[in-house]
Amino acid sequence: MTTGPTTAADSGGIDRRTLLKTVGGSALAVALAGCTELLEDGEDSLADADVPDEPIESGLQTFTEGAPSVLGVQAQYGAETAVRRINENGGIAGREMNLDVVEEGGAYLTNYQQFVDEGKDVTFGPISSSGHAEMVPEIEAQEVINVSTDGTVTTLYEEDFPDVTYSFRFQNHDVMEALAAVMQAVEVLGADSIDTYAGINPNYAFGQDEMDLFSRGIEALTGAEEVYSGFPDLGTGDMSTHITEVNGEAPDVVFSSCWGGDATLLLEQGHANGMFDAVDLLVGPVLYGSANDLSEDLVDGPIYSGSRNFYWGEPSTDQWSPAADLVSEVEDEYGVVPTAHFMSGYGAVTAWATAAEKAVSLLGRWPEQEELATVLENHGFFTPAGYHTIGADHQGYSNAHFGELTWSDDHDAAALSDVNVFAAKNVSPPPGETSADWIGSW
Amino acid sequence: MLEHVLNGLYYGSILFMIASGMTIIFGVLGILNLAHGELYALGAFCAFSIVGFVAGQVAAPTGPATTIVFGLVVLAGSLAAAAVLLPVGGALEAAFIRPIYDRDEVYQLLLTYGLLLVLTDVMKFVWGPSPVDVGVFSAINEIPTTELVGFSYPSYNVLVILIGVAVFAWLAWFFDRTKTGRIVRATAINREMSTAIGVSTDRMFTLVFAIGAFFAGFGGAMVSIGPSSASLGMGLSWLVLSFVVIVIGGLGSLKGAFVGALLVGVSSRVVTPYYPQLELAVPFLLMVLVLLVRPEGLYGTWGEIQ
Amino acid sequence: MLEARDLRKEFGELRATDDVSLEFGKTDGEMVFIVGPNGAGKTTLINLLTGLLEPDQGSVVVHGEENGAPVEDDITGMAPEERVRRGLVRSFQIVHVFEEMTVRENLRVAVLSRYDKTLSMRSVDDSHEEVETEIDGLLERFRLTDVQDEVAETLPHGDRKLLDVAMSFGLDPTYLLLDEPTAGVATREKEYVIETIVEASEADGVTTVTIEHDMDLVKEYADRLVVLHEGAVFREGDPSLLETDSELRRVLLGVNE
Amino acid sequence: MSRFLVERDGQTRVRLSEGMELTKSQSVLAVLGLVVLFAVPDITRLTSLSFQAIHRGILFGLAAVGLNLLLRHTELVSFGHAAFFGVGAYGAAVLASHFDVSSGLLLLVGSVLASTAIAVLIGYFVAGYLDIYFALLTLAFNQVLYAFVLQSGYFNYSDGLSVRPDGLNPPTLFGLQWTSSGYDLILYYFTVVVLVVSLLAMWKLVNSPFGRALDAIGQDRTRARFVGIPVEKYVWIAFAISGVYGGLAGGLFALLQLHVSPEPTLYAFVSGEILFMAILGGFGTLVGPVIGGVVLVYLLIQAPFYVEYYNALTGLVLIAVVLFLPEGILGSIPKIGTGLARRRSDPGLLREDVATVGSSLRRGVSRAVTTVRIIVFGVN
């Protein structure tokens, strides 16, 4: 296996010809990749397809309010942006797309059922991993495709539901970000300098999954020893106990999958309690999800964050302008810097829309759910984040980003510098192997 | 260990500020106010607007002296934010709570739950659905406190503990030493009595509810200027914890709420590192224990057990 | 026979019951009246006998007979409902009835309880014939037939008192402890209330222990008189003591030494 | 008169069995209710109403019927009924995911056994308490359970457990594996049967001597004790029975959702909701809690699809019930009926109503304004 980041040229630096070839020259696919300027006038191959006139109805469930809306609203913006771009380009095979958004909190199953009752053609979301796990069998039973934005627990498709038809997940799963965190830590400190590590993770399946994978990874690569692992409540108001314990142990690396308000709280209380003097490095896969809520003094210190499958500065802008274009569009439209959760929404819609279009061009008519699901398997497509595939396991695979948390005066928000891009194959197991087995074989 | 105890005192102080209002309202009005957590959240949101505004009016702190000035400005802003709760609390009492004093407690629960839901959406309407942060936490931590005695601990936590004690002292003084406070206490014991001495019970009740709301809001402001943000739904878990505190301390007892809050705060913080799986359960186990051994609570006087 | 043996109960510094030893029901259907100034410990004594309070010291004993031989049954520490099953029944100074039930329903609860049918799942309305017959009898004896379908909380005070006592009779008491059955009853109704109770007790041979402040009633109906003062038995004997014992009268009038 | 019709108080009543009689209008309502219940799947197919939401509402309503045994009869406010609902749901989930039990009925038996056991245990501790102490103690036990499940790997933390014995398919019902929509339909009709039987059982219970004894305990505990009723024991039994209803509802909920996680089943606020359903529907009636369940659940899970401020909508409905319909929805029907009849015969009353509402609104506003003025400017 390869550790360490791949070069930008490997992953994102891509020329026009390759792009057009890969996406099959479809106007929609190019538009969603953010490259409309690449389009040349040409005939629309789908003009003759037998497609109904009525618009596509779709539903997104996400966290629209309260503490988790830090992530959820980004996903909503992302999905809305993708839908807007689709409609600006004449829809999918001529069909406009409508998107309804509903709060997901505690109502995953009923939301999905309600969407199906309302006759939605496709549903997106949720953010919550437990909500996603709850929904998968229902999705299989109702047979209406759902592309989950997040809900990234690794075991979902590896163990719990290894054989699904209609349920997909766009965003990178936990193993990718936990291992990216491991490799980032090794790169910054060097394997020999990491003897001890600790974790502060939210107390639910996601946090436990991430910590478990990080532990396996860092122990395999460095032989480091865990000195403390705390699981504060999700959405807690106080983490001082855990920080005090970490300070007492002074580990080389602290790993935290805290997100949203928890991430801000960790950094606030970490600074206040001198945690960044006590430890050499904090790596947090989703700290950057709170980019718009962090202040300049909070990002000060040896703090590295992941940014899942999208960081707006990557692929670096001189070669790949779609990401930069997207940032300015989102800043103009919504007044925020898009984070990886923006891409969760954007990419989930894009995955489905490009697959739907591909299916129409293959079949010459609008596909049935089952046909569309078949096309989505092993489907490859571009977003401004670069190239993505949906694997045969229904999990989305794309590059994982990690970098040092810094401050950007230009955007008046947190930013990442020295971003490392980890190719999916370096941070996730090959098809058919579970993450735990794969890491165990290092 | 000392730091864990301090963490517990800090946590307990916040708990006390919220629970104090709840216990006063219950003690005098006999209402278990389920909307109390939303009053707390409202205080947090008001602090975002008001503290955010006043802190913007003063220069960012540069030295020890200016940090103290900055701290005082933030404190004044927090008090102003909590003061918003005075008319809000008073109006809520007058419009919604007053008609149901003589009704079964189940109606009181249902009505205050209805208020909880409405208040949530009022805040959603005013401040939007996403969390908001005042962003003065790190500046407050610049205020020199424990460094003066050669020990490093966040100044914000120290100040919260001090303010918690001050709130308790003020409330104790108010109810023990002032005429209004004594009349309120007399009203709590016997509603006819205050009517007999020519005091309007209505006005007393409104005052008490407003004071209770004020301290809930002040607690919210204290949290909001701290490391956390103000967000919708932030009141729920604190509401449930406030129950725990006032039951442990004895319903209606101010001293009980103070001791109960510190007990819950310190025990949960000290236990967590050793038995992490108990972090959530400790307060409730404590409550069950107290209720079974001493159902009227530590300082309660009127446990109605046969 | 019901016996209080060296009963003592303290509330903090106050000794409300001070080593009281008494026997009730030496003869069948004996009517004992307990008198004493306020705070003499009358109600506390009844509470100790019926199990609402537990004594700090001493015991409550029921004397009975088994195969012709006398047996003692120590009921100290026994729950009130268990004592009720042994025939030890009471009423309260402040009326305790089931306010939202009708008179008939109130009595039904008592009679069902006595027949040990409160766990039954049969319908209450018309399936327990012996219970309904007995309720009819009680209604008649306590002159409540006309108001049997009235809800208890709407009754005049005298009827509520009677209902309270009627429920006690519905439990088929051996010993009936009445805490001021005429308290709050208008003077002209007092005689009527106490007369009704006396008639019923005599008919069933029930031993009654009654706390009463109206000395005229005491003189008229008492078989025996117990005077409590500061928690202890001050005098015990014939009701004529009320006329003859000047020290007793001084105590009862509350003119303290 | 036939075996099923009796005369009582000059009215003809429908007699179902010993002591279970309905007046004419009640019979009509009952038949109508049954017809509506059985027609729900068709009604929801033809309208935009949500079948799932109604089904869920009925299940929470069933739990509220159990709670109402305590609330209406022993007059005890339980703020911890989610404990039974949640334990019932987890009872089924544990059997399905840890023991691969595939029969839906067996899962339900597991639910009821588990919740009864928990109710017996908690009931032992709380039976002697009254008023707010009873409410808070039940709440505390509820939260201890919640915290325990949330922190336990056996229950899979906050993610919860699936109720799909083979990992993908729902349990069997009546020995058969159904397709998804067939399963939902069969389960719904099964729920209706369970509901009707449970209501009849509850009706029988509250009209039995035991029911009267519970009433007696609720109205005057001391007197109940001194008519020989073992108060704590009976409250304990009632608590356990109430737990059976909660467990049954929770078990069916698990079969419906096919996934059980702590927050929607065990959290303290679920307890509150179950309590509020009983009040909303009318806790003085037998069937009211079911109606309250359907209405509140419908508001809570469907309103977000239609209005942005759905919390406020639900809140206002609840406040309106407290202030204007204290008997709850079902309890107020007779009053509303007579009120409407009077207004039909005398339209002048309507004008008075408007005047009353207007003046009470004015009073409320002016009171609030005065209060604010006093607080801000002090008394002058």
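Letters are used for the chains, namely A, B, C and D, taken in the order the chains are written, and counting of residues starts over at 1 for each.
Quick note on the criterion: contacts are C-beta pairs under 8 Å (C-beta built on N, C-alpha and C of every residue); 3 or more make two chains touch, one makes a residue touch a chain.
For clarity, every value in this text was computed on a predicted model and none was experimentally measured.
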{"item": "Least hop count linking chain C to chain D through chains in contact", "value": "1"}
{"item": "Chain whose Cα mean lies nearest the overall Cα mean", "value": "D"}
{"item": "Top-ranked pair of chains - ranking by C-beta pairs in contact", "value": "B-D"}
{"item": "Centroid distance [mean C-alpha coordinates] between chain C and chain A, Å", "value": "78"}
{"item": "Length of the line joining the C-alpha centres of chain A and chain B, rounded to whole Å", "value": "39"}
{"item": "Inter-centroid spacing, chain C versus chain B (mean Cα positions, whole Å)", "value": "51"}
{"item": "Residues of chain A whose C-beta touches two or more other chains", "value": "203"}
{"item": "Residues of chain C engaged with two or more neighbouring chains", "value": "none"}
{"item": "Chain B residues counted as touching two or more neighbouring chains", "value": "124, 279-280"}
{"item": "All chain pairs that touch each other", "value": "A-B, A-D, B-D, C-D"}
{"item": "Residues on chain C engaged by chain D in the complex (per definition of touch)", "value": "50, 52, 79-81, 84-85, 89-90, 92, 96-101, 105, 108-110, 112-114, 117-128, 167, 170-171"}
{"item": "Residues of chain B touching chain D in the complex", "value": "32, 34, 86-87, 90-91, 93-96, 98-100, 103, 105-107, 109-111, 113-122, 124-125, 203, 206-207, 210, 236, 240, 243-244, 247, 251, 277-281, 284-285, 287-288, 291-292, 295, 303-306"}
{"item": "Touch list for chain B against partner chain A, complex", "value": "3-4, 7, 10-11, 14, 124, 129-131, 133, 135, 137-138, 141, 152-154, 156-157, 223, 226-229, 231-234, 237-238, 269, 272-273, 276, 279-280"}
{"item": "Residues of chain D touching chain B in the complex", "value": "71, 77, 79, 125, 128-133, 135-137, 139-141, 143-144, 146-148, 150-152, 221-222, 268-269, 272, 275-276, 279-280, 283, 309-312, 314-319, 321-323, 326, 364-365, 367-368, 370-372, 374-376"}
{"item": "Parts of chain D lying in touch with chain C, wherever the complex brings them together", "value": "18-20, 204-205, 207-213, 215-216, 219-220, 222-231, 234"}
